[in-house]
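There are two complexes below, and they share chain A, which is joined by chain B in the first and by chain C in the second.
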Partner chain A sequence: MIEIHLILLFMIAAAVIAVEVKDLLSSIIAVGGVGIGLCMAFLVLKAPDLAIMQLVVEILSLIILIRATIRKDVPFSVSGRWVFNTTSTVIFLAVFLFAAYIALKTVHQFGSPEMRVLRTYLEEAFPLTGSLNIVEAIAINFRAIDTLGEATAIFAAVIGVLAIARKSARRKE
Partner chain B sequence: MISYMLCLVLFSVGLYCILRKRNVIKIIIGIGIMEYAANLFFVLLGYRTHGRSPIYAIDQEIKSMVDPLTQSVVLTGIVLGLSVTLLLVAIAIRIYERYGTFDITKITKLKG
Partner chain C sequence: MKRMGNTEDRGMTLIIKTVTRITLGFILLYGIYIAVSGHVEPGGGFAGGVIVALSLVHVMLAFGKEAALNRLHASGLRVILGLSTLVFLTIVVLGFRCRGLVSEIIIPICQAVITASALFAIFVALVLLSKKDRDAEEGK
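Then we have the complex of A and B:
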């Protein structure tokens, strides 16, 4: 699987650029590059539904983030205990990655998932639901309450945005 | 194994951004990168070598499909990530209106 490694390296490079570049607009465009890389990775990993959804969501979030930063480019300070903070953060991340490396040894090998739960879904999806696309069959039929919860969470987020950004709250200034 | 570790390196790049940067927009970007890495990790767990996408076809054997359950969970997660980004950006815009800056060290006063 050399192509997934290449795409992951591209995503890491774009993420490092997005984190470290000074200009906010360039940073947002670089994070858009990470999202497009994720879209390609989904296509390589045989998940076309996710690739379509990721592309739409990526474009929307790019527009939202550009709306937040347009003509507001303020430089931020790098004073304070720069060396100590960076060193402690890097040590913490190294410990995190080492623990993850130990933990990942118990996970199954890449490319051979266990078939216990999976087999039921694969065999029963079409006879029970009549849907040719198994991902949609699981999302809408087997896990319909989950999808309802997702819709509820989106609704709550929209209500939160309206409550934060409403006009009457601003007028009190 | 290398794919898992590269995915976690991407996750820790986002974590470094959250822990270390002082700009609110950069923190939102870090949360977005972490979310991408988590979604990708789920899909990597469900991948099967030489697998096919989980859509029925006449000439397709069931055993050669990739895991549809993780993809279905990630489908929910992607949309929830968009709503999280929306809410955070709304809060960031209000912070900029109140304080005139995105720097979190200068946002110290509580105002009603």
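Then we have the complex of A and C:
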């Protein structure tokens, strides 16, 4: 498991660079580095479905971010209110670390209690659905209503964009 | 609708336009392949839909703004999007027990259509309808 730790270190370093660097384009490239690291982590953890999806989504979001921000210079102010900013950051960091400590104490080891539903999925997926890829079998056969919920959320996004971008709305004002 | 001094409307150079014309079909076909073959290989509806959206973004980057906006305003896109959502809803609510064609082919294609149109629409909203372009359109 040394690879996953190396990838995690790379991702943390890229995230710190993305936050700290001054140039906007360099920051976007560093965010892309974080995404590629996440994709490699999925590959190491033997989840190629998620790796494919993460890769294409990272490419698309990189194109969108570069195209949307390359001409602009976002103003970034560091002066003033630094006492409030620093104290709120420290407080929220402490709350986050405390909650993460409590949550991580109750988490089992990776894959250690093999649950009943999980065993049913593993045994019955191929005979019931005829699908070799168990991830897709679960996503679109056993949990089809869950997938319908995701598709509904995406459909709502399309409806919103079409309502904003229609010609009669853009002509006003 | 012509805008003066805005070089993005004309798209990129002739080489990129020609290569885009040739490769567009292959990228679309690969996206559909990823979506349809999700039940035997890694892949699935969402990943295939993102690849289809990438091909549309490819067209926009190569041919400029007007071609992409014409594609978004085409009524066929809305019909196909609404139709795929209705088919998906019908299959899930009625709860077909057929394995094979219904669950492995039709549902991933519906997912791919919804995802592709959503990502392309978000790209258009974030990039093309920015404030600078609207100001340029008003000032014309």
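Here, the second predicted complex is superposed on the first by the 151 of 173 C-alpha atoms of A that agree within 3 Å, B and C clash if a C-alpha of one lies under 4 Å from a C-alpha of the other, contacts with A are read in each partner's own complex, and residues count from 1 in each chain.
As a convention for this text, contacts are C-beta pairs under 8 Å (C-beta built on N, C-alpha and C of every residue); 3 or more make two chains touch, one makes a residue touch a chain.
Small disclaimer: the values here were computed from a predicted structure and weren't measured.
Touch criterion met: A:V31 reaches chain B, while chain C stays clear of it.
By the document's definition of touching, both partners, chain B and chain C, reach A:V57.
When the shared chain is aligned, no partner comes close enough to touch A:I102: not chain B, not chain C.
In the superposition on chain A, no contact is made by A:V83 with either chain B or chain C. Which of chain B and chain C touches more residues of chain A is settled by the count: it is B. When the two complexes are overlaid on their common chain A, residue A:T129 makes contact with chain C while staying clear of chain B.
Once the two complexes are overlaid on the shared chain, A:H5 sits against chain B while remaining clear of chain C. Once the two complexes are laid over each other on the shared chain, residue contacts for A:N141 go to chain C alone; chain B is not touched. In the superposition on chain A, A:P48 makes contact with both chain B and chain C. Chain A residues in contact with chain B (one complex) as well as with chain C (other complex) are 48-49, 53, 57, 60, 64, 67-68, 132-133, 135, 137, 139, 147, 154, 157-158, 161, 164-165, 170. Remark: chain A residues 1, 4-5, 8-9, 11-12, 15-16, 18-19, 24, 27-28, 31, 34-35, 38, 41-42, 45-50, 53-54, 57, 60-61, 64-65, 67-69, 72, 74, 76-77, 80, 85-86, 89-90, 92-93, 96-97, 100-101, 104, 107, 109-113, 115, 117-119, 121-123, 125-126, 132-135, 137-139, 143, 146-147, 150, 153-154, 157-158, 160-161, 164-165, 170 touch chain B in the complex. Within the complex, the chain A residues that touch chain C are 48-49, 51-53, 56-57, 59-60, 63-64, 67-68, 71, 128-133, 135-137, 139-141, 144-145, 147-148, 151-152, 154-155, 157-158, 161-162, 164-167, 170. Taken in their complex, chain C has these residues touching chain A: 34, 38-47, 50-51, 53-54, 57, 61, 72-73, 78, 81, 85, 88-89, 91-92, 99-100, 103-104, 107-108, 110-111, 114-115, 117-119, 121-127, 129-130, 132, 134. Interface residues of chain B facing chain A in the complex, by the touch rule stated above, are 1-10, 12-17, 19-23, 25-26, 28-30, 32-33, 36, 39-40, 43-49, 51-56, 62-63, 65-69, 71-72, 74-76, 78-87, 89-94, 96-97, 101-103, 105.
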